[in-house]
Amino acid sequence: MSSIQNRRQEYRSLFKQNVAKRLLVDKIVRIIVFSCVIIAIIPLGSILVEVFKNGITAISIEFLTDTPGSVGSGEGGIGPAIQGTLIIIGLSSLIGVPIGVMSGIFLSEYGDNKLAKSVRFFNDVFMEFPSIILGIFAFLIIVLVLGHFSVWAGAFALSLIMFPIVARTTEESLKMVPTTYREAGTALGLTKWIITFRIVISAAKSGMVTGILLSVSRIGGETAPLIMTILGSSQFFSSMDTPMDALPLRIWRLSLLPYDSAQLQGWGAALVLIMIILGINLGIRYYFANKKKYFLQKFD
Amino acid sequence: MTRLIDPSLHKLSFIMSEMGDMVIESISMAIDSYLTGTNTKEQVLKLSDSIRAKYFEVEDLTFDMLLKYQPVADDFRLIRSSTEISYAFSRFGRYAYDITLVRDLFGDVSECTNASLVESTKKVKHMIKEAVLSFAELDIRKAIEIREDEKFIDRIYRERLPKLIESTNTRCALAEALLLRYLERIGDHAVFMSDAINYIVTGKHRPTDERIASHTKTEQN
Amino acid sequence: MTALSTKPTDMETSNLTNIDSKSAESKYKMIAENVTVSYDGIDAVKNVTMKFKEKSVTALIGPSGCGKTTFLRCLNRMHDMTKNAKVTGKVMIDDIDLYSKDIDPIYHRRKVGMVFQKPNPFPTMSIFDNVTAGLRLNGIRDKRILDEIVEDSLKMAYLWDEVKNDLKKSAIELSGGQQQRLCIARALAIQPEVLLMDEPASALDPIATQKIEETITELKKDYAIIIVTHNMQQAIRVSDYTGFMYLGDLIEFRETKKLFTDPKDELTAKYVQGHFG
C-alpha cells in the first residue's frame, strides 16, 4: 500500500514543478489574445466614431427626403438614394432568397449524391467571386442587351451575390436540425417534403432568417455592381428600366466632389447607410436573443 | 469476470455447506444416542442452535442479494432454493434435538431397538447424507434414492404405529413412536429438499396440486 | 436428466408475471419472417424470424451492437431513410407484407407507431400540435376530431391530467418524462396497431421510467408492443415475451419469465446473469 502512496507523492511533486511555468504561459497567451481583440476592435470603433462625428450634422428631415441639389450648392438631400437602396435590396432579395433557400434545402435534404457535391462546390466558389465581376456579368447580359442601365440589372447582379450566401446558411441551418426529428416525422408516416417544409424548416427558421438578413446587409453596401447596372441618378425611382440611385453610389459621387458641402453630405449618407445596415444586424440579433432557444433540451 | 453478486454467492455456498455438515453430524449423533444409549442432548442442542443461526444468516443473505442484485436464471433458482433448503436444514437440526430429548426423557432405550428401527434409522442417515451431497454437487440423480428412502420410512411408520398401540411395553412403545414420528418428518423434509434441488437444476417444480397434497399424504402414496 | 416425474406441460404457478392463460390461442398481430439487414455488405441482422401476438409486450434484449434496434427499425421500414441499408424478408401485419412492392409504404407505415430513445417532440410546436402532427400534416383538419384524438391519446399516455389546462404550451417546456409520454401520445394519435419503442425510458429518471412502464402495461390491453431495452429488470417487469439477440442472430425467444428463470441457451444464461455484455 505504501508503495502506491510513495508513487503518488512522486507524481504530485512532478505536477508542482510545472505549475509556475504553466501559469505564466497561460497569462501570456491571455494577454496576447486580449490584445488581438483590442487591435481588431479599434479600427472598427474608430470608423464608427469618425462617421458619426462627421455625418451627424448633415442629418435633417430635408436631407433624408430631398433630391440632390445642384452640384456644390450644399442643398438637397439623399432621398432618392435611400429609396433606391431600399428598393434594390428588396428586389434582389425577392430573386435571390427563394433561389438560395431552395438550393439550400436541396443540398441539405436531398443532397447525398454527386450532383449535390458539385453544386456545393460551385456555390462555395461563387461566394468568393469579386462582386465587380458579377456586376460586369450583369452589365454584359442585361444592360448591353437591353441597351440601357436598369433596376433589373442591378437586382440581378445583387441577387447573384446573395444567393450563394443564402444557400450556404440555409444548408447549414437545416443540417443543424437533429436527424431525430426527421425520423419522428417518418415514423408518423409523413412524406419527405412535408417533413422538410413543415418540421425541419420550422426548426431551422432562426438560422435561416439570420442568414438571409446577413446577406441583405451585405448587399446593402455593395457598390461596384451597382455602378455597372443601375448607374445612379438624381431622381426618385421612375421605372424598372431606368437608372436608379442608391446610397453607396451617392456616397461615392459625393466623396469625389471638391466641395466641402458635398463632403459633408457624403458623410451624412455614409452614416445613414451604416445605420441601416447596423440596424438590420442588431435587429436580428436582438429579436432572436429574446426568442426561446429551440434546441436547448431540459436536463432534469 | 467477477460479478458483483459472486462474493455473496460464495458466501452463501460456504454457509450452506457448513450447515450440511452440521446436519449430518447432528442427526447421526441423535440417532446413535437413541440406539446406543449415550446422552448427547447438549451437543446436539448446540449444533441445532448453530444450524438455526445459520438459517437466519442465509435468510438475510438471500434477501439481501435479491434486493441488491435482482438475480435471474441459475443465480435466481439457486437463491430461491437455498432459502427452502436452509429451512429444511434447520428442521433437521430441530428433529435431531427432539430425538436426543427422547433419549434424555426416557433414559437408556437401547433395549427397545428392533430390526425395523435399525433399518429405518440407517435409511435416514443415508438419506440425509445423500441430500446434503446432492445439494453440494447439484446432482439430481440422488433425488430418486431420496424418494425411495422416504417411502420406506413412511411405510415403516405406518406399519409400526398400529403395532405400537397394541404393545404392552409402554416405555419402548412411546419412545419408538416418537422416534418414528421424527424420522418420518425428517424424511418429508428431505423430499422437499430434493424438490428444491431439482428446481435449481431443471427449473421445474412439481405440479402445484402434487405439492399441496404431499403435505397431507393419503394411504396411497 | 430429470429424476422426478415432471410432465413436460407443467404449469408454472409462480407469480412473477401474469401470463395470459389463453396465450396459446391469441393470434399474431405482426410476423417478421427471415428478416436480414445488411449495411455495405455486412449483416447487422441475420435471417431473424419473430412473431408478435396482439395485446402483448415483447422485449428485445442483447448486448450493444447485437442488432436489436436495427431489427426494430425494420418493422416500420425506417431503413428506407438510411443510406446503404439493404433489407430482405417479410414483415406482415395482419397478412399484409409491409415490404411488398404492391403497397404504399407510407400509408402502411402508419399502422406502426414508434417512440425513440431520446424524447423528440417537435421543438417548434405546442403540445396540441405535437400530438396532432401525424394527422394535421396529413391533411386532417377537423377541429372536433383533433380535439377528441388529442384528449384520447394524452389520456392513454398518462399525460392528460398534467397538461390538459395548457395544451398550447410549447412541447419543449415539459420535463423529460413528460416529453416522452408526449411522444407516445403522438405515436398513438395516428391510430396504429403496433407500437415500437426503442429504449423508451433509458434517458429518463427512475420515477419517469416507472410512469412509462405503467403506461406500457396499460397500453398492452389494446396494442401489440415491441420494446428494445437494455434494462433486464424492465423486460421482466413489462414484457410477456422476450427475444435475446446476439451479433445479429436471434438466440432465444420465449415467454419472459421462462427465459429469465430457466433460459434454454447457454449464451442467454450467460448474458442475463451478467457474464458479458
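Per-chain residue numbering starts at 1, and chain names A, B and C are given in the order in which the chains are listed.
Going forward, a residue touches a chain if its C-beta (ideal position, glycine included) is under 8 Å from a C-beta of that chain, and two chains touch if they have at least 3 such contacts.
Computed from a predicted model, the values in this text were never measured in an experiment.
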For this session: Draw the chains as points, connect those that touch, then say whether the picture is a line, ring, star, complete or other.
Result: line
Problem set entry | Centrality ranking, top chain (CA atoms only) | C
Problem set entry | subunit B-subunit C separation of Cα centroids, rounded to whole Å | 48
Exercise. What whole-Å value do you get for the distance between subunit A and subunit B if each is reduced to the mean of its CA atoms?
Worked result: 89
Exercise. Which residue numbers or ranges of subunit A touch two or more of the other chains?
Worked result: none
Exercise. In the complex formed with subunit C, which residues of subunit A make contact?
Worked result: 112, 178, 180-191, 194, 198-199, 202-203, 205, 292, 294-298, 300
For this session: Would you pull the subunit C residues touching subunit B in the complex into a rising list?
Result: 1-4, 6-7, 10-13, 232-233, 236, 258, 260-263, 268-269, 272-276
Problem set entry | Residue ranges of subunit B touching subunit C (in the complex, touch as defined) | 1, 3, 5, 70-77, 140-144, 147, 194-195, 198, 201-208
Seminar exercise, completed: Residue positions on subunit C within touch of subunit A in the complex are 76, 78, 80-81, 83, 106-107, 109-110, 112-114, 116, 118, 120, 122-125, 133-134, 137-138, 170, 172-176, 183, 186-187, 190, 205
